[in-house]
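Scroll down for the structure; my scribbles are underneath it.
For clarity, chains are labelled A, B, C and D in written order, and residue numbers in each chain start from 1.
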Amino acid sequence: MAIPGLEQLPVLPVVIPLVAAPLTLLMKPGRAPWAWATLVSWVTFVTTLLLLEGVWVNGPIEYAMGGWGAPDGMTAPLGITYYIDLANALVLTLVAGIASVVFPYAYYSVESEIDHRQTPAFYTALLICFTGLLGVTITGDAFNVFVFLEISSLSTYALVAMGARNDRRALTASFNYLVMGTIGATFFVIGIGLLYQATGTLNMLDLHQQLMGQSNRMVEAGFAFIITGIGLKLAMVPLHLWLPNAYCYAPSAISAFLAATATKVQVYIILRFMFTVFGFEFAFLDVALNAFIILGIAGMFYASFVAVFRDNVKQMLAYSSIAQIGYMLLGISFGTVDGVAASLIHVFNHALMKAALFMGVGCVVLRIGYSNFSAFNGLAKRMPWTAWGLIISGLSLVGVPLTVGFISKWKLMEAAFQTQTIIPPLLIVLLIGASSLLAAIYIGRLAYAMLLQPVPEDAEPVKEAPHLMRITMWIMVLANIWFFFQTDVTVGVATRAAQALLDTGLGYGGAY
Amino acid sequence: MEDFQTPLQPIILLDLAILSLLIATAFAMMRVRRLFAVVMLSGIFSFLAALFFVSLDAVDVAFTEAAVGAGISTVLMLTGMLLTARREKPAVPGHKNIAMVICLVTGAALFYATIDMPAFGDPNAPANIHIGQEFVERTPQDIEIPNIVTAVLASYRGFDTLGEVLVVFAAGVGVMLLLGAGSLRGGRKVKDDRPGDDETEHDGREF
Amino acid sequence: MDIIEFIVGRYNYWIFITLMMMGLYIVISRGNLVKTIVGLNLFQTSVFIFYISIGKIVGGTAPIIVGNYKADDSYGDGHGDGYGADATVTDHGNSGASENLHDTDGLDLPSNSLSADVPAGGEVSAASGSLHQMPETAADMASGTDAAYASVADAAAQGAEVIYTNPLPHVLILTAIVVGVATTAVGLALAVRIREAYGTIEEDELEAEDHFAEFGVPLHPEQGQGRGQGSQTQGGAA
Amino acid sequence: MMAHLILRVTIKLLFAPIIIFALYVQFHGDYGPGGGFQAGVIFAAAFVLHALGFGIDETKKVLPPKVLPWLMVIGVLFYAGTGVATLLLGENFLDYDILQPDSHHHAGQHIGIILVELGVGIAVASTMLTIFYHFAGREPEIRDEDW
């Protein structure tokens, strides 16, 4: 432990928002719930940073809920345990970090998009969602993943639907999300049930030990159901249909928060199950890795292509998110430390870019009222700070040097050259380049509208977004640049995290 | 390992009776278009499931399914139905085919899994000799209450249950957001004026 | 493997799978939103039945400990002894178990002999799967290992011992049921709002309206597009 | 209003036993089937029944909707607070043993289980009622007569 006397640190990132969320409901509408949520996100962020440092220095931490750890002679703990290694410590820090920037940002945006009387319930739901995402990431128990996944999902459905004040399509988007998400969660539960039937345990590390060498039909089907279930929640390409509208019509702050965290947590779950639980010589794993290559590349192209033609910038960014999930799957599909590290790096970097982009669009929605391309015409003159923030984070999305996007793609290409997959590495690199070109087209379209299009004649003069929103957005924009120079932070942590994931997975460093 | 076989006892007849009723109810739910009937059938399905849970020795689950599945869920669906529609329109055939394909693939995957499953009721199945068994043995010493399910629910896996309470809470908050004070009736069409702007207490502040 | 045996051991699972697929079919064929939610419920409930059947043990009983259960001193001691004796039977000579268990409590319980051997206990097939707790009083059990041995053996011969069904799936499903009802509530609330906003809760009409709002051209309902195709045409049409 | 007379008398007769049954299920969960969830749902069912017989407005007088968010929060915090208490006493989250550390017979576990089950019961009952109030209190888009 990094700081003596903090033995209970591992549980704090979940318990703090969990206790704080209900209290928010009782507050007076307006500033109080927002300030409270912001404070909670900052405190949580500090605890996750301490946790990350602790894991970095001392290796994986285990924490037994209720003290029900593994009794002598047992390979599995009796209760639920938290198992924190670098991979989930990184994702935890990312989620809490994004929250600690997006929550303060949310204030004006929420005041304009949500009924004033609903703000306490809104921030309660936001904190519950936050709790759920952290709980999914930190836990070492397969069923506990489901419970916290549903905590975050249920609150997300309600939050997405709050966009109905701007556009009723938020309601149908949210309903589709609910149906697909629930099917995904139920598939996940079926998968866990099959694994439980094959092993008798729910703890991830113990599952790994019990499953090792087993390759019967139950395990294969369980694996398929888990991957499909999470694939639905992740919006992996053929299962992505809920995502564009959900992100597009959700309130701005929610889009920014979800795009930067929710899918990232799902990628982490995939990593955890593929490498920690199933990380052994398992025929199905290779099938899945090959499928991920195909799905990843299909996603990169299909979604980027669709994004080019969207008229709504939020929807364009949502499709771009699906494309970026393709990059992450591609990294995973290499099945090597470099590949997984590249995937984790992109998880981190993409969260930074998408948060900044959606926050920028949120500023435009606040001032101009909608997010179609026509709202962005001449934006560089009307709202220069927002426009330039959008351009820089857009360049990061394309993968231009001096931004984190470049690091992501560089690492991904590097990893591609060091692996042997069904597709030759050179082709993969070319495909990554081509897909980045598509990204350049849609970001270029946005930049063109903002820089070169004239301000509409009849446009009312608008003010720049409030300071709070601009500052928080620019924190994210600058993070996009800063982490280009501080690669040892992200790349270092991600590489060691990938190492840890594959090591526990391949059976060397089991915790028990 | 494979020396256990599910005994052919007369109780199987009872199980089969309940199971065939379950199938019949589910089939009726697929076919019937009157939503009131569908909701009632869903309640019946939950009761039958509760009955079957009793025959599987899961009394706590049976109790919960009867109270939650057949009780509260049915009430909610009835009120929800009253606020929405009474009948379902015929589905588009194209959807039916897609649904059929997806269901067949999923069902085949599950069927595939059953081939290697331990026989129904096998005491030596992996599921029944690892942690589950441990709870039965330890509860008397660790917790000292007779109901092992309560012991596991509230203590060994108490954190899951906390999560479950939070799920319920989240649902409550979600419904408050969707239907509570300040929620719109419906939502805004693209061309409408933004609803509710005049009635909100924005106190005219400019950010 | 005998084909009858194979079927008798699995027909339950097949019926649950059929139920699940019926639920999933209702959901995916996407007619009415309320019916979709009913279908989700059906799907989930069938998964719950499947889960519970995993933990079923033939001849078992509900996991509520029977016998004169009292949380007092004599019971606690008696139980330790009783169990120790029982372990002797099942595991062929872990006689130290009773001493170990006698005075321990809570987390410090050293489970060297008990838990480690249970998974391996498949050799004594009838006895290994579950706890055999004797419904005798503490006094009987405390009277000595031999007596307990005799009584356990006796009871086992008569089939009088209590086998408890695996409680863990029950706990998981209790959680899942509540998650299910929570989803139902939120889903219905959404359906109510959709009804108010669109005047319908039929999926294809909603899709047509949304499509019109997005592209300004009507979506031809007779094409019968599924979700996948629907979105691709959207991409192409733009 | 006489039309619902039998219904209303029955509901009046049943109301108290249902509440008592809910309490029984709540506090007997250690010994038999049942616990906080079931109790909470049964408790809510009593009020749902009342609303069906007497109208939602009457029920809202018996149990005002303003109270419910407080009860929801109290319920969750009862549970989470038990965990926080064990944290503050220096043990792991939800390790009930520390609540009564000297006891040989797991009084701590018993106290912990009763507390958290109570939290579950309060939270579930009030949340279910909140949800029901919101559904039942919503004006239908189409009046009953128009169907």
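Note that in this section a residue touches a chain if its C-beta (ideal position, glycine included) is under 8 Å from a C-beta of that chain, and two chains touch if they have at least 3 such contacts.
Quick caveat, the model's predicted, so the values are computed rather than measured.
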> Is the C-beta contact count larger for B-D or for A-C?
Replying inline: B-D
> How many Å are there between the centre of chain B and the centre of chain D, using C-alpha atoms for each centre?
Replying inline: 20
>> Using mean CA coordinates as chain centres, what's the gap between chain A and chain C in Å?
In response: 30
> In angstrom, rounded to a whole number, how far apart do the mean CA points of chain A and chain B lie?
Replying inline: 27
> Rounded to the nearest whole Å, what is the centre-to-centre distance of chain A and chain D, using the mean of the C-alpha atoms as each centre?
Replying inline: 35
>> If a residue has to touch 2 or more other chains to count, which residues of chain C qualify?
In response: 20, 24, 27, 33, 54, 62, 64, 71, 76, 105-107, 109, 111, 115, 168-169, 172, 174-175, 178-179, 182-183, 185-186, 188-198, 213, 227-228
>> Give me the residue numbers in chain B that touch at least two other chains, ranges are fine.
In response: 59-60, 64, 68, 72, 76, 79-80, 83, 110, 117-118, 125, 127-132, 134-135, 138, 142, 144-147, 149, 153, 155, 157-164, 166-172, 174-176, 178-180, 183-187, 189-190
> Can you list the chain A residues in contact with two or more other chains?
Replying inline: 18, 22, 25, 65-68, 71, 74, 143, 147, 150, 154, 157-158, 161, 164, 168-169, 171, 190, 196-197, 202
>> So with touch defined the way it is at the top, what topology do the chains form here? Options are line, ring, star, complete, other.
In response: complete
>> So in the complex, the part of chain C that touches chain B is made up of which residues?
In response: 1-2, 5, 8-15, 17-35, 37-39, 41-42, 45-46, 48-49, 52-66, 69, 71, 76, 79-80, 83, 101, 104-106, 109, 111, 114-115, 118-119, 121-122, 125-126, 128-131, 133, 163-175, 177-186, 188-198, 200-204, 213, 221, 223-228
>> With touch defined as at the start, can you tell me which chain D residues reach chain B in the complex?
In response: 25, 29-35, 37-38, 41-42, 44-45, 48, 69, 72, 75-76, 79-80, 83, 93-94, 96, 105-106, 109-110, 112-113, 116-117, 119-120, 123-124, 126-128, 130-132, 134-136, 138, 140-141, 144, 147
>> If we count contacts the way the header does, which residues on chain D are in touch with chain C in the complex?
In response: 31-33, 37, 97, 104-106, 109-110, 124, 131, 134-135, 138, 141
> What residues of chain C sit close enough to touch chain D in their complex?
Replying inline: 62, 64, 71-73, 76, 105-107, 174, 178, 185, 188-189, 192, 195-196, 199
> Which of the residues in chain B end up touching chain D in this complex?
Replying inline: 59-60, 62-64, 67-68, 71-72, 75-76, 79-80, 82-83, 86, 142-147, 149-151, 153-155, 158-159, 161-162, 164-166, 168-169, 171-172, 175-176, 178-180, 185
